[in-house]
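Next come two complexes, and both contain subunit A; in the first it sits with subunit B, in the second with subunit C.
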Partner chain A sequence: MTFGYVFKKLIKNPIAFIGLLLLLGFIIMAVWAPVFAPVPENARDPYMIPRDGFSAVPVPPNEDHILGTTEGQYDIFYGIIWGSRTAFRIGVVITLFTTLMGIMVGSVAAYYGGWIDEVLMRITEIFQTFPFLLTAITLTSVLQAVYGRGEAGALIYSAKILAFLTFGHSLAEKINPIQLTILTGMISIIMFGWMTIARVTRGNILTVKNYEYAIAAETIGAKNLRILFRHLMPNAIFPVLVIASMNIGSYVLTFAALSFLGLGAQRGYADWGQMISFARNWIPSLAEYSHIVIYPGMAILLFVLAWNLVGDALRDILDPRMRGTK
Partner chain B sequence: MTNDNSKVMVRVENLKKHFPIKKGVFGNKQVGAVKAVDGVSFDIYQGETLGLVGESGCGKSTTGRTLLQLYKPTAGKVYYHDQDLTDIKPEEMRQNRRNMQMIFQDPYASLNPRMTIGQIISEPLVVHGLGDRKERLAQTEELISKVGLNPFFKDRYPHEFSGGQRQRVGIARALALRPEFIVCDEAISALDVSIQAQVVNLLEDLQEEFDLTYLFIAHDLSMVKHISDRVAVMYLGKLVELTERQELYDNPLHPYTQALLSAVPIPDPIKEKQRNRVILTGDVPSPSHPPEGCNFNPRCPIAEDICRREDPEWRMAAPGHWVACHLVN
Partner chain C sequence: MTNYIIRRVMIIPILMAGISMLIFAMLSLLTPYERAALYVTDIPKRQGAIEGIIEKYGLDDPIYVQYWRWMVGQKDEDTGEVTGGVLRGDLGWSKVGKSTVAEVIARRLPATAELAIWSAIPLIGLAVWMGIKAAVNHDKFVDQILRLAAIAGWSIPTFVFGLLLLLKFYSDLDLFPPGRLSIGMNEFIQSDAFIQYTKLHTLDALLNLRFDVFKDAIRHLVLPVVTLSVVSWAFLLRVTRSSMLDTLRQDYITTARAKGLPESKVISRHAVPNALIPVITVGGLTLIGLFNGVVITETIFNIKGIGSFLAQAAVALDVVSVLGLTLFSSMILIVGNLVVDVLYSIVDPRIRLD
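After this line comes the complex of A and B, so read on.
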């Protein structure tokens, strides 16, 4: 099962092909964002959507703004193009962390077993009992308040690490207040997003652990970590990667929900969820100003769809037994 | 082989392995135990092949694995050259693994599908830090040809090989550390008959070349007869009989051994017709609820009262002939 084989199968599968095309489109959008939507000369931050005036009333698509402007005259086209970068950054970094955490917890629990397994799995279940979105909302607002008081060193440190991975800032740099709200949102999602991966990893490792090659590795005198990383992980990891690929889309969706409630990205930031939140004030007259919710909404929809299609196809290719099940 | 001058390499004393059956919210209440191995004692002499036979589920493989400390024994001792393996630090045991290896039953499950056979065979050298890259490569190629494969195959993955070839890879891995003792855990059971003969011959050749000692676990009596010097018979977690191969096949003392041997077909139609079969009734009892007294008593054709009350003692009935039965003098 080489990478080339998987890729060939992906191309041949029509559904996966659509997903890959969509993804490719988003990647092109993100990489060449400054070409599609040039940054105005006096801009403070390219991720802040440029405004054309300060009128509250949205303007429908016209020559200057091909997708129109939303409340406060933010350019929708610019926001969607630069928002693709935000989406990739947020989705990939959150998935990276939740997957790593899940794999670590799950594999340690499964490999060592006994009370370690009991404790780790009970903790996992406790985290699972929290309603995900509500917890993320609460935690985000709490973290922002805590950070504002500058008390929690651990929080500041994890925010800096995230800032490094998401925006490429060095660890010494002070966190940009525009990005702070995004980072706290990401921390909340990460803290409550790792459990599924942990459980799937644990289940797979438990299966693989009883295969004779795992026992053979012990017989030749391999140490614990070697058995775990060389023999168990490579054989247990594929279903986890499938889930991770689907998660990228759903984390972007969750983050959009946070932004929509005003907790994720700040007002005016190039983030799709944040752009939709402008529409909250125009719900009675949405028939007139439908463009303020349709275009950013389409971006989110297609982004999530792309990852789901690719993930679904990956699952079929990597595990033919799962075909047709959900 | 087994005169008094032979050197004991491995001594197993009253070895037990019970797997707990747990219940309760936190899995902390033990409601019983599967007595997979329930007190076995035997010696393995330097250079011999000790066959270990029994039905599936009787604890043969568990004995082999507990002996190599892959399972932590519940009780009992395993001495390897007078060193008690049950009572040493994990790191010491890890070092000891250079001397004792294992060949596994299922050639499809015993090789990591994501490693090439070259990596699989050289891994023992890597984990014990033996040789540099070049030396390891040379050794790997030598091992591959030693087990009758083409060294050219070293970059291929296990799924590109047949069952017999994979088993040869497993043997090469076991040989890599130049051990003196190898547990062959049903090493040929999963193979076609024609391949079985090849692999058994290979094992015999290697034994001669490297001075190996085998614990040969199997359920095929004719194969065990072919390869073993002595044979031990196991039933429901306990040894019932242990003696020289010829003595066991000519003069079995335990009723279970007699029943087992009577089931071996004779490749001679006239003799085969006259063969007197002892048909056992009933099933093997559950190892979590072994019967009172002798484990074999519910199925034994000659069981008496004492068999239902008392555990038979493991004793030497004749020189070098061990048996556990009340009714053998």
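After this line comes the complex of A and C, so read on.
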């Protein structure tokens, strides 16, 4: 099973093809964001949506704002375009970390077995008992309380590393308070998002562990870590990476929910969930201001849908029981 | 069988201990001052009073001492009164709820329970039925449509879906309003003419034989129930479909067909009962899904339940409330999962042997 084989199968599957097209669209949107939605000259941060006045009442689509403005006159079109960058950044960085954590826990548990396996899997189980969104909300509020004091020690460093990877923020600088709330949300999702990967990695390594080449490597006296990284990992990792890519959609969804509740991105930041949170104040008159839900909502839906369409097809391709059937 | 159940029950204390440690680890990130809310309802503003509280409740003691005190409570030397103690049901003081966390839970649980019960029951039936339909018509039009619908339902954010429903059915058509009851009805059920047995409005209405109240409660439940179910519906449909596809490939199905059974009998007698076995396991996961959805759904539809309270407390950084609620919901989930596992072992004899 190589990358080329999987890709060919993906292109042939109409559902996956739609997903790939959508993803391509979002990538174009994110890469050329300054072309689609030019940053106003006096803007301090391109990720803060430009405002056209301060009136609270949303304005429906018109000549100046092709998708209208939401409460506080934030331009919806600008927010959607730049929000695609936020979505990719958040999704990719979270996935990177959860995948690494999952692979580490899963491979150590599977390779060493015995009580190490037992302990690690019990811990995984405990983490899995929590409802994902609930814990993300919980940990975010704890972290925001802690960071709010500004004396968080080791926690500040973890936020800085994340800030470096997500925003290209220098490690020496102080973290921008606007980005800090986003980072706390990301940390929470990472802390409670690694378990599936750990379980799948463990399962896969347990399977390849008993193949002849692994036993052969052990017989010639290869060291534990060498067997793990040179012989087992490369053969067990591919399905794990596929699952990881499927997770991006669900992480973005969770982050959007945090923003919607007021815990993720701050007011006015180019983030889809944050943009929709304004709609909470306009529920009785939503029919009149439908644009404040529909456009940003479509952006999230299509983004997550794209990943899920590709992921669904990938699972069918990779599931050995499905191979050979139509 | 009994062995298996005993083994499952014995894991529960381990899980609960692990969860409580994790929650306490998060609590310990707070300052002693913030943690005082675990024990006292009102922090005096006088100079030096805070230090007194920190000392009295040992809020800067070693972490394991504090963990133990958090679990079993703190005994006052002078009055002999015990405060705190998760095991005694004391989860601390909620700043946002202006009462103890336990009282908040007691007050808000009925609304959440009503929403969850109404969501879970139709959800399971519908999803399983559609999943079977999709599998039986594998790769045909019905299957493709249901599959696409499931992926879409899985991808749509709960809050977008809920807001879209409100947009159409409340703001535009004014059919299904948010909240739990209309204002007039709400006043009526508080009056002496209406006895609140369970605080679940629909059930109480039936017990009081007040069908107008029942109708009003249902009218308010339709949208939140649909919103809450859609993600779990998509998930269950997918699981049922793939499990059914698996079963249909088994040899005993071929045998059943070969001996001349009509296809409908093959499906209903031989395939479905076996295909449903794995579906029961994910019942537990669906429960978790409902818990996630409750926070968003209650917030959007202005239902004063546990989920919307959690969201409020989190935004106000009332960490003691948030962690108390999380602990409480995890405990419910553990018990729920146990029930699912036991059911599973009753249905599937293979499980008991390992």
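Keep in mind that, in the parts below, the second predicted complex is superposed on the first by the 319 of 326 C-alpha atoms of A that agree within 3 Å, B and C clash if a C-alpha of one lies under 4 Å from a C-alpha of the other, contacts with A are read in each partner's own complex, and residues count from 1 in each chain.
The rule is simple: a contact is a pair of C-beta atoms (placed from the backbone, for glycine too) under 8 Å apart; a residue touches a chain by one contact, two chains touch by 3 or more.
What you see is a predicted model; the values in this text were computed from it and never measured.
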Subject >> Touched partner set for A:Pro234, first subunit B, second subunit C, both or neither >> reply: first
**OP:** Classify the contacts of A:Ala222 with the two partner chains as first (subunit B alone), second (subunit C alone), both, or neither.
**Re:** first
Subject >> Touched partner set for A:Ile156, first subunit B, second subunit C, both or neither >> reply: neither
Subject >> First (subunit B), second (subunit C), both or neither touched by A:Tyr213 >> reply: first
Original post:
So, does A:Ile283 touch the first partner subunit B, the second partner subunit C, both, or neither?
Top reply: second
Original post:
Touching A:Val39, do we find subunit B (first), subunit C (second), both, or neither?
Top reply: neither
Original post:
Can A:Phe132 be said to touch subunit B (first), subunit C (second), both, or neither?
Top reply: second
**OP:** Please identify the positions on subunit A that touch both subunit B and subunit C, taking each partner from its own complex.
**Re:** none
Original post:
What residues of subunit C sit close enough to touch subunit A in their complex?
Top reply: 14-15, 18-19, 22, 26-27, 29-31, 34, 139, 147-148, 151-152, 154-160, 163-164, 166-168, 170-172, 178, 246, 249, 288-289, 291-292, 295-296, 299-300, 310-311, 313-315, 317-319, 322-323, 326, 329-330, 333-334, 337
Subject >> Interface residues, subunit A side, partner subunit C - complex >> reply: 15, 122-123, 125-127, 129-135, 137-146, 148-149, 155, 249, 253, 256-257, 260-263, 273, 276, 279-280, 283-288, 290, 293-294, 297, 300-301, 304-305, 308-309, 312, 321, 325-326
Original post:
Which residues of subunit B touch subunit A in their complex?
Top reply: 26-27, 65, 68, 70, 94-95, 97-98, 101-102, 104-106, 109-115, 123-124, 127-128, 170, 173, 176-177
Subject >> Partner subunit B, residues of subunit A touching it in the complex >> reply: 118, 211-213, 215-223, 226, 230-231, 234-235
